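Two complexes, one shared chain (subunit A), two partners (subunit B, subunit C).
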Partner chain A sequence: MSKGKRLLIIDDDPDFVEGILSILETAGYEVETAYNPKDGFDALESKQYDLLLLDIMMGRGAEGVMIARKMRKDPKLREMPVLIITGIREQIAYLFPGQPMHPHFVEVDELVEKPVEPDFLLERVSALIKAAEDRKAKG
Partner chain B sequence: MAKPSFSDEIANLLHAGHGNPLRTCIQCGTCSGTCPVVEYMDHTPRRIIGMIRANLKDEVLASNTYWYCASCYHCTVRCPAQIDIAETMYALKRYSIWKHVHQEGLVGPVFSETFVKTILRSGRSFEPILATSYLFSSGARELIQEAFMGTKMMLKGRMPVLPPRIKRLDNFKRMVSRVIPLEADS
Partner chain C sequence: MGEAKSKILIIDDEEVVLDSCTQILEGGPYHVATAMDGTFGLELVQEFQPDVVFVDLKMPGIQGFEVLDRIHSFDPTIVAIVITGYATVSSAVEAIKKGAYDFLPKPFTPDEFRVITRRGLERRKLVQETTALRREREMLREHFAAIVSHELKSPIGAVQQNLFSLEYELSDLLTEDQSSRIERMKSSINDLLELIRTWLRVITTDADIKKLRESFQPLSVESMISKAVESVETHANRKDIDLVVSLESPLKPVYGDEITLVEALVNLMSNAIKYSRMGSQIFVNAEEKENEILITVADRGVGISEEDLPFIFGDFYVGELSPDTERGSGLGLAITRRIVEAHGGSISVDSALGKGSTFVIRLPAMNTERHNEPAQDEGVLANS
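== the complex of A and B ==
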């Protein structure tokens, strides 16, 4: 299932990336990383990926949201499944004590909060990729 | 991509990846010489830039320098290497807030928190609430002085007695929730 699937992680936290990178690579995914929003979007535009793992709080603020919004406007990137992994509530919890919302930035997206359990991460990644493939097959 | 160093992490917070501007610093000290609050800082801005470049993460984050920055932008204007030093201080503030690693007992983080909370609640800032975030850190004399000044300003109509609110607050809150995917706590 995970063989040959290419994933991209855009996250500015090197330690967190190192963790999920090893989980995903052990599971057989081919993973690329970008540590800032600009490199991340450049990679999205120039290469092909099956899924994007996106952080929210990067750069000057919620730049992950800006990437997701740009993706929605791009006919090619609009279809790509996005798994948003964020520590937003922990990072700025005092400002926004509410519950995380399902953001609906693109066709298929989902929001999970850091820290992520390895099994849960792998399950969501494969489910999102499968859902995207099914949609493609239906045409 | 290779794992970024602390210096790259800070650069990533700055210009969203247009290279690392801090590498162009020539350590001339113009920023430190210009800074109006440098005497209250643990390390001068020049030194902080040097420390970031040397990846002295713990020492940089433990300093009060970036929280004491008054954001006057004088250093940015005068920097011969065109480094946006004030923005670098903001990057450090973001980094330390997001990771909860700043020094204890600083006015800056409490002030930011209170400010944003007030804005989110009513759409406007309200000085009497803001002031309490730092008032008690100063002595009794300053406290009385501030209270006296505040009362005078209220009497002259320069400061509202009740917290002001913007019109159509719901629209504003909806706007915020489109930027930050968290439900408002209402």
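== the complex of A and C ==
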């Protein structure tokens, strides 16, 4: 299932990234990392990934949200599944009033909280990739 | 700021008073503006933004008292001093009751006027400093939350994440003893994260709720209670405690934020479980009384002593008589009270040592008939 699947992680906390990177690599994913929003978006535009793991609070604020908004406007990136991994569920409540728990940044996304258990992380990643493939197959 | 001239506005219908006051202050570090009546005076209050305003109480047109009121509703930090031509104590007292800082009886000497001006300006400075300090404290409070969140939570979260991944990668190699040590580390770090989360809640609840109020919506009481029950069920089962829920039907909805209200209910239920003996019962009721929804959580646990009762809704109160070793942060009830009050409700307790405690949350009931079309209302309720 994970064979040949390419993932991108955008998160400004290298220590945290190491903690999920090794889980994903052990499970057989090919994973690239970007430690700031700019490098992250450049990578998204220039390469092909099956899923994005995205942090919200980066740089001067919720810069992850900016990435998600840019992706929604991009016809090519709009379909890519996004797994939001964030330590700030509470704060999201007032970033997006009315959608406190599950802000739909892009059409296909999901939110998990840091830290995330390995089994849960792998399950979500593979489910999101599968859902995206099914959507594509249906056309 | 020290260089800036103070701004004094004088509102009096006697030209001679305006002239002499201006002259008295001439040469000092002041900008002086004058107005012959209340209407013009109030215009100047907005344009000129004075530090101190002198207001004659007896003027044609808008009365002095009215001028005072309007100055204060425009900017409560402006210091107002009334000039009373007919120096009766009663009108001066009334002016001070209405928020005037002091009064100056006519006729007055230049020195009296200078002294009272200086005192008024000192007062103004104090008021401004207090306001600035208060604002700073609020900002600190909000920023502190963000700082704690990022500087404390992030590294601890990263440590936990790496423990997760180490355990995952080494799962085939770890001995039982090593696994159990990793488990213990994970569990301690988890407690730490929970504690930080709770502290953050206390610090940010007030600010949070103010923001959440913008997105209040009609909520079904039944659904909130069942969500809360669901989230404490494991804890209850572990102690073999029976949660007996009985709800009046139908119940009117309440208007609010679901996440925080459910949190409030969860707090009460977890406390009830925490302070109950193994195998006992907890009763959760909801009913409507006089247009209020009453949600009651009653236990037959250890109860709260009379001396402790006044303090339980304050920060950091922890019940001492927990029958097992569970210990809380002492913030649950404080948060619960804040949440309930932010919803226009109240919380009360009735307790006897050794017999148990009964907590009652009262929330204003919503009159569904007056709001929206029924169909739309139902849709909202079904979602929530």
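Everything that follows uses one rule, which is that the second predicted complex is superposed on the first by the 127 of 139 C-alpha atoms of A that agree within 3 Å, B and C clash if a C-alpha of one lies under 4 Å from a C-alpha of the other, contacts with A are read in each partner's own complex, and residues count from 1 in each chain.
Simple rule for what comes next: a residue touches a chain if its C-beta (ideal position, glycine included) is under 8 Å from a C-beta of that chain, and two chains touch if they have at least 3 such contacts.
All figures in this text were calculated on a predicted structure; none of them were measured in a lab.
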| item | value |
| --- | --- |
| Residues of subunit A touched, compared between subunit B and subunit C (which is higher) | B |
| Partner chain in contact with A:Q48 - subunit B first, subunit C second, else both or neither | neither |
| Which of subunit B and subunit C A:E18 touches, first, second, both or neither | both |
| Partner chain(s) touched by A:T26 [first = subunit B, second = subunit C, both, neither] | second |
| Touched partner set for A:G59, first subunit B, second subunit C, both or neither | first |
| Touched partner set for A:A34, first subunit B, second subunit C, both or neither | first |
| Touched partner set for A:K114, first subunit B, second subunit C, both or neither | second |
| Shared contact residues on subunit A - subunit B and subunit C | 18, 57, 87-88, 91, 94, 97-98, 100-101 |
| Parts of subunit B lying in touch with subunit A, wherever the complex brings them together | 1, 3-4, 8-9, 12-14, 16-18, 94, 97-99, 113, 116-117, 120, 177, 179-185 |
| Residue ranges of subunit A touching subunit B (in the complex, touch as defined) | 12, 14, 17-18, 32-39, 56-63, 65, 84, 87-89, 91-92, 94-103, 111 |
| Subunit C to subunit A touching residues, read off their complex | 146, 149-150, 153-155, 157-162, 164-165, 167-169, 193, 197, 200-201, 204, 208, 211-212, 214-215, 257, 259 |
| Complex contacts: residues of subunit A adjacent to subunit C | 13, 15-16, 18-20, 22-23, 26, 57, 87-88, 90-91, 93-94, 97-98, 100-101, 114-118 |
